Every structure is written in C-alpha cells, then in structure tokens.
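Below is the structure I would like to discuss, written out as structure tokens.
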Amino acid sequence: MKKDILSNRRKLHSIVFESETTAGKTFDIILLILILASVIIVSLETVTYLRRAYLPLFQKLEWAFTILFTLEYLLRIYSSPRPLKYIFSFFGLVDLFSIIPTYLSLFVIGAQYFLIVRVLRLLRIARIFKLTHFINEGKVLTRALQASFTKIAVFLGTVLLLVVIIGSMMFVIEGAASGFTSIPKSIYWTIVTLTTVGYGDIAPQTPLGQILASCVMIMGYGIIAVPTGIVTVEMTRSEKQLTNSEVCPNCQLVGHVPGAKYCYNCGYLLNESA
Amino acid sequence: MKKDILSNRRKLHSIVFESETTAGKTFDIILLILILASVIIVSLETVTYLRRAYLPLFQKLEWAFTILFTLEYLLRIYSSPRPLKYIFSFFGLVDLFSIIPTYLSLFVIGAQYFLIVRVLRLLRIARIFKLTHFINEGKVLTRALQASFTKIAVFLGTVLLLVVIIGSMMFVIEGAASGFTSIPKSIYWTIVTLTTVGYGDIAPQTPLGQILASCVMIMGYGIIAVPTGIVTVEMTRSEKQLTNSEVCPNCQLVGHVPGAKYCYNCGYLLNESA
Amino acid sequence: MKKDILSNRRKLHSIVFESETTAGKTFDIILLILILASVIIVSLETVTYLRRAYLPLFQKLEWAFTILFTLEYLLRIYSSPRPLKYIFSFFGLVDLFSIIPTYLSLFVIGAQYFLIVRVLRLLRIARIFKLTHFINEGKVLTRALQASFTKIAVFLGTVLLLVVIIGSMMFVIEGAASGFTSIPKSIYWTIVTLTTVGYGDIAPQTPLGQILASCVMIMGYGIIAVPTGIVTVEMTRSEKQLTNSEVCPNCQLVGHVPGAKYCYNCGYLLNESA
Amino acid sequence: MKKDILSNRRKLHSIVFESETTAGKTFDIILLILILASVIIVSLETVTYLRRAYLPLFQKLEWAFTILFTLEYLLRIYSSPRPLKYIFSFFGLVDLFSIIPTYLSLFVIGAQYFLIVRVLRLLRIARIFKLTHFINEGKVLTRALQASFTKIAVFLGTVLLLVVIIGSMMFVIEGAASGFTSIPKSIYWTIVTLTTVGYGDIAPQTPLGQILASCVMIMGYGIIAVPTGIVTVEMTRSEKQLTNSEVCPNCQLVGHVPGAKYCYNCGYLLNESA
C-alpha cells in the first residue's frame, strides 16, 4: 500500500516536474496555455471598455485559473520528495505568489495593486523552458553576458557618470523654461537622448542646449558600439569554447571543425574514442 | 503541328519563367517596371488631393496594369508544363491575387480594403530577384539568420516576458493619468521604449515612472547588443563555410577549415595539387 | 624667361595642389579655415534675428570669401598643367559652383535657393583630407563598405519591400483618423518606426495598429543587427587582408603577426628581403 | 619624534591614497557613499517642491559634506609626500573645485550656477575605481577605443559633412513653416534624425521633405553599423593581444600569436616547456 503511494508519487513527480514522458509533456503544454491565457485575461481586464462589458466573465475565468493553479501547487507539494525545499525554492514561491492575490481580493480592497503579482505568473514559463532544448541556446547567451559582466559594469558606470554631469549642465543651460525643471528631470532627459529613445516631451530650446544635445546624440550613437562590441567578442569566444579545442597529437595544430575525426593538416586520427 | 506548339510552349517558358535568354531578361525588366509602376499608382491613388484631381487617370492605368498582368498570368499557365502545379504554387497564388481585386471592384463596394492585396504585387519582384546573382548574397544572409533562429527565439522570448512584466509595473505606477490606461497599452509603451523608438505619445510623468523608464531605456540600449552579436557570429561562420566550399571526394562532406589538406571526417587527401 | 614661368607654375602647383611642402601645408590649412568660416557664415545668415542685426556684415564677409575663392580658382587653373582637365574634374566643378551663386545673386532674385550650392563648399574639404594620412583609414572603411555593397543592397531591397507592404496594411488598419492619410504617408511612418527614429507626429491609435506597430519595432530592433553583422564581417576581413597573408615556406602555416620576420611555429626566416 | 610624524604620514597616505589595507578600503567606501549622497542631495535640491519643503535640511547637509570633503582635502595635502604635485594634479584640482562652490555661496549671489561644479564631485569616484580591479577591464575598452580613434574621426568627419549638407537641403525644401527656421536648426534636426533619436519637435511636412527624411533615417540606420564594426574589430584584436602577453626573452617584444613557439621578430624559442 505504502509502496503504491510512493510509486504514485514518483509517477506524479515525473509528470508535474519533468517533461521526458508523454504525460509530462502534455502537462507542460496545458500549463503553458493556462499561464498565457491567465496573463492575457489579467491584461484585458485592465482595458476600461472590456472591463465594463465583461467583468463577471473575467472574474469567473480568474477564479477558474486560480483554482487550477492551486490544484497544481498542491500536486507539486504532494509529489515533491522534499516538500519544504520545493515550497521555499524560487519557483515554489513564484507558484505561491501567483495564486495568493486572487484569494486576498476576497478580503482586501484595492486588489488592483496585486495585478503585478498575478503577471509574475509569466515567470513560471521560464520553468517549462528550462526543461527544453532551448536551454542550451540560452546558456551560450547567458555565458557570453556573464563573461562580459565586468566590462559592461565599467561601461554602464562611465555612462551613468556622464549622464549625471551632462544632465546638470543641461539644467543650468536650459532651465525650467524648456522643461528642464530639476537635475533629476534633466538626467532623465539625458538618458532618453543618449539611448536614442527621444520622446520629445522635453527638448532643448536654446542654441547652446541644442549644440550640447547634438553632442549627446552623436556620443550615444557611437557609445552603443561598445556593448555590441563587448557582447560580440564574448559570444565569438563562447562559441569557440563550445567547438573543438582539441590539439592534433601529430602536428600540434588546433582549429579543427567541431566533431572532426581527422586532422585537416596531417590527416591523423584525432580522437580514438570518437 | 503538335511538336510546333510544344516547342513554342518551351520557348515561351524560357521567356516567361527564366532569364537566361535576352528575351527572358527583357521580359523580366518590363515586368519589374510594370509592377513598380502599378504599386506607385496604387500608393498615389490614396493621396486625397491626387485622387480628387486624377481619379479617372488612376482607374485607367489600374485597368491597363490588371489586363497586362492577366495576360502574363494566362501566358504562365499556358507555358507551364504542369499548369496546376504553377497555379497552386506560392508565386502562382500571388500572381492570381494581384489581379483579382480590380475585377472584384466591379461587383463589390468597399474595394479600398483590397488595396493591401494589390500592394502584394511587390512580392512578385522577389521572383525576379530569385533568378539573379543577388540570390547568392541573400543566401548568406538567410543562412546566418536561420542558424541563429533558436538563439533569437530565446532572446525574443525573454524580451517579451520582460516587456509584459515591466508594462504591468508601469500601469500600476503611472496609471491612467499619464496615458497608461491599460496593461496592453503599457506593454505597447514598453516596446516603444525598449526598442528606442520613443514616440512620446505616452510618456511617464511620475518620478518613480521616470526612474523605471530610464532603466528600461538603458536595458534596451544594452539588449540590442545581443541580436547584433548573434548575427555577427553566425555571419562570420556562414562566411567561413562559403570560403572553403570544397567537397570531400570520398565522403561528400563540406565545411572544411580553409586551407585544409585532409577531410576532417574520413581523413581523405582533399586536394592533390595543394 | 619661359623656363622661369614654367618653374613658377610648377612651384605654384606644388603649393596649391599638393601638401608636401611647408607652403603647401600652410595653404591647405588657410583654405580649410576659410571654407569652414564661409559655411558657418552661410548658416548663421539664415538665423532670422542674426540676419536682421548683421546682414551688411554677412554680405561683406560673403563677398570677401567669394573673391578669395575666385582667386584660388584662377590660381588652380593657371598652375594646372592641363587646365581643361582640372576645370571639368569633380573638384574643379565643385570649386566653380562654390563661387557662382554669389555672383549670380547680383542679377537673379531669390538667391536664397543657391544656399545649398554654397554649402557644397564643404565638399572641398574632402580634397584637403585626400592629401593627408587620414585617407588610409578611410580606405579600410570604404573597402569594407564596397565589399558589403551587394549584401547591403539585398538587405535594403528586402527592407523597402517590407516597408511598402506594412505601410499599406497600416493605412487600411488605422486610416486617416490617426494621421495615416495615404499609403505614402503610412510608408513614411513605417520607415520612421522601423529605423527606431519615432517622431511621434503620427502614431497608431487602434489596438490592432499598435500590435502591428509593436511587431514593426521589434523587427526594426532585430533587423539593425544585419547591416552591423555585414560591416563587422567585412571589416574583419579587410583588416586581415592588410595584415600578413604570408605562408611559412617551411611548415606551410599562415596567421603570422603583421610584419613578422620569423614563423611563430618553426622559427623559419619568413621573408629574406624584409 | 620626526620619525613618528613621517611614519604617521606614510600610514595616512596608505589609508587616504591607497586601498590595499583594510583601513584604506573602509576609507574608500565611506568616501564613495559620501560623494554619491552629496550628488543626490545636490540633485534633489533642484526639485522645486523638495526645495520648498526641505531647504534648511539640504543646506545643513551640504555644509556637512563640504566640511568633510575639506577635511579630506587637507588630509590629502598633509599625507602627500609632495603636496604641490598633488594640489596641481587632475584629481587635486577636482577635489578643490568640489568644495569651493559652497564657500563661495557665502559671498556670491547666484550660486545656483556653481551646481555643475558640485556635480563634478562625481569625477572623484573615478579615482576610487582607478584603485580597483575594474581598471583592467577599463583598459581593454580604452585601448580598443584609442586604437580605433583615427577611424572613428574619419567616420565622424564624414557624418558631420553629410549632416551640414542635408541640413541645408532640408532648410530649402521645408522652410520656416515646418519649423526648419534656419540652417543651424535644420542641422540640429538632421542630427536628431540620423542618430535615430527623433524628438518630433521638428518634423518634415512636405512630401519631398519626408522622402529626404526617409533617406536620412535609412542612412542613419545603416551608418550605425560602422562604429560598431570598428569597435568590435579593435576589441577582438585588443583581446587577442592580452591573450598571449608573453614577452620574448631575447628582444622584449609582445603580441605573439596565441600558442606561438618562436618569436616573430627574432626567431628566439619563446617557451622551453611548451
């Protein structure tokens, strides 16, 4: 009897937490659809004319999703070999926080501000992708970004320094008349300009301000080359590390095609076990 | 007699479908000019003051183009060795859809909405380019984009996740007063900002909103480095593979290191004269 | 006597057309300053309140520049061994067109429209740089851009095709109410959005239009990776061609440091004549 | 006694100027926090409603920061082995200028315009980072940017030439009615457009202006590839040079190919153990 429960639990675990079996895959796909549908409903609920017309429908759907996600949460706790570890893991907390807001809305007024929390359900999609082959591609990207982290930090630090100094200069040059009402706002404008976003809600009016703004734009236009260069160099290296770093035992050459069996230079058999 | 028709048909086929002969090239160039002229006419027809002044002219030209394209369509069917295969091919359907709207406008009111379909004539230009040497360059680009497809998909997925979460946060922070009237609209704003487009039709007004917006901009400014890095790495690889396009005479594999003497797969001597 | 004139002419030529001698360098620097000053005066003349205050001064300066440039033009003709060749060369025509507008303004009313022509004086700066060491760097850039010309043409062609089709779709979806008054204007909006410029003078208002706009932005954000990738690959190649493509005569290896005397692998003397 | 003072001074120097010891690190961190806090206070002081509410608090804090920075400045002079060299060094002047404005505000009216100078305190952060391991990453970036300086100068020169010519053309085409009131303003608009910032405070209204604007945008979209390509190529090279940092024991040269056995310059065997 107890053995049955254990084996059931193990089976459930493979369905709920893994995606090797057909049942596991089906479970993941249904969950993916439910999460996306639930986030779309949360989004549409905030559109005024849709909320007016379909509020009861939205609420019913929201409860349906919450109950399904609650069931899933309980299943995960039940099938987990160490339930507490799951509950306090990152994804365990995300799972919990994605169902709490709806229950809270029964007791607390102003539940609108829990919307963000409900949208965090999207993070649960990350778990599903974690199980798939997408993760390998993600690894190359992540490794490249991690390797270039210090370089990007130095770069960002320099940019922020620049942005504060230029922002202060624009505040003095343009002043409140052109919308540069304070240094923080001027810094905001400088970021908007340097990143080439350019809303146009604040724009320099004086000739001197426009000259400085032109310099900021051209700088921003050139500066974007730096993170791009950093990431490209890191990705090239990260790619190379994934390829073949083998040395030919005969002629000591490197640079073989990934998966190569024979040396391109001397024809020597590279890897006996391959 | 029947032989004559067959040889005529083959000749027509070489003119209409190919571009090796002088006649075929002339046909392609005339067709290219007609397509461009027809799309320019469709565009200009939508400009109010031009439509008021020249509507009869536009209609006459449109009928002229339609009749010419209809003739071309019939010629293609006639000269095709397997007409049905052509009719249901991608370009066959594009050819058909590029003449239907004008005929439909005789019977259906509101033909304006078929404009899009008429603009799709542009797709037919793709066929002409398919025959030229431009296609090789296109292949390098396409191969690079295809090879980086999964990486770009992971990247886009992460960006979309981010965009939905940030959009929801901005909706809660800024609210309807600043134009963030719903989550979908806030998501739209986030995309406008992250991609550094920055219309300025919606812009954050609260200090907290502007701080979050600044983070989004700097993120967007850095994130653009990722697809650029991906494509550059893939293009470098794609270029390299085209560099040494030698086929191993023993195992028929390509993709050897430039200057390789031995096949990396079977160790066969690649180039005796090297 | 005639010999004297000839030698004078040759001397003048070395001053006016070359920059090896001290006199030639001084001439170039004075000319550079005059051109920049003249273009700045032309620019400032268009600022309403400056024109009102200083019009007589501007006109005097303009005549001074014109007379100096005329003298220079005559000197160039005189010192040129084949005057006609110079007059009808690219820079000869630029030199002529940079002095004509001021003389024409004596006879023709509406000389304001010759302003552009006066600004073309800037092109003469290109000649000065042509003589300096900057030209080498320019060559690497130009070679890289030329080599990637066909690829960029294919890329631009595809982008234009896309822009026309998306522009037409936006025209049908949004219509005149949101400012998409005609297909040409919608195409203009699509270019503004795809290139991430985003003026905001026209912006989509309908949900469907905003969804399509979001797709255009994300596409534009990703598409920018393509020209960057193309140019980076070409520049890497162009750089490499400038470096050492020598093969070691002893071990047949390539990839030596530029200017290397000895093979990094076997220590063999690479280039006897070096 | 004198020895004690000397050793004290040396100890102070290691705390104030270096960051190897625990005391030195603590000093740096406290200084970093003080600088950031002081700049944040300067920024917030410019926000109208905060200044109204908390002006006395801001002034007290400002005096507190100024006195602390003055103490630090005196300490630096005292502990410096050659005080005059420190006082007239770059960071010595920055230290001085970051305390002067507050003292000046006692005597001079209009101290608001010294704000910029107070923000320059941020530059002092650069000194702290100079002592940390971040500096290595910064070196790679700086070296890459320096190496590509001439190329970027040629590129920027060409862009500025283009910007002036296009700006003048837009002035003639659009005229004052669309906001292109002068050539300098038109040049400003061209920079705003070419860098894809796109405020939208000035936007072309005529069809011809919009066509030219479209060309500028597509150019700007493509041109951004050039600095990115330059920096990427330089960074790749700069990375490679750091990879093999071996010095030839015979001729003291660096920059060998990774894995090189012999010096490329003198043919000396580089690494016996390799």
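In this document, chain identifiers A, B, C and D correspond to the written order of the chains, with residue numbering beginning at 1 in each.
As a convention for this text, a contact is a pair of C-beta atoms (placed from the backbone, for glycine too) under 8 Å apart; a residue touches a chain by one contact, two chains touch by 3 or more.
These figures come from a predicted structure and were not determined experimentally.
Enquirer: Just to be sure I understand the contacts, which chains border both chain C and chain A?
Expert: B, D
Enquirer: Return the chain whose centre of C-alpha atoms lies at maximal distance from the corresponding centre of chain A.
Expert: C
Enquirer: For the two copies chain D and chain A, is the contact made of the same residues on each side, with over half of the numbers shared, or of different residues?
Expert: different
Enquirer: Averaging only over C-alpha atoms, locate the centres of chain A and chain B and give their separation in whole Å.
Expert: Measuring from centre to centre gives 29 Å for this pair.
Enquirer: Roughly how many whole angstrom separate the Cα centroids of chain B and chain D?
Expert: It comes to 42 Å between the two C-alpha centres.
Enquirer: Which residues of chain A are in contact with two or more other chains?
Expert: Those would be 184-185, 187, 196-200, 224, 228, 230, 232, 236.
Enquirer: If you look only at chain A, which of its residues touch chain B in the complex?
Expert: Touching chain B: residues 39, 42-44, 46-48, 112-113, 115-116, 119-120, 122-123, 125-126, 129, 134, 137-138, 140-141, 144-145, 152, 156, 159, 184-185, 187-188, 191-192, 194-201, 224, 227-228, 230-232, 234-236, 239, 255-257, 259-269 of chain A.
Enquirer: Spell out the residues on chain C that touch chain A in their complex, using ranges where they run on.
Expert: 196-200, 228, 232
Enquirer: State the interface residues of chain D toward chain C in the complex, per the touch definition above.
Expert: So the residues of chain D in touch with chain C come to 150-151, 153-155, 157, 161, 164-165, 168-169, 171-172, 181-185, 187, 193, 196-200, 203, 207, 210, 213-214, 217-218, 220-222, 224-226, 228-230, 232-233, 236-237, 255-257, 260-269.
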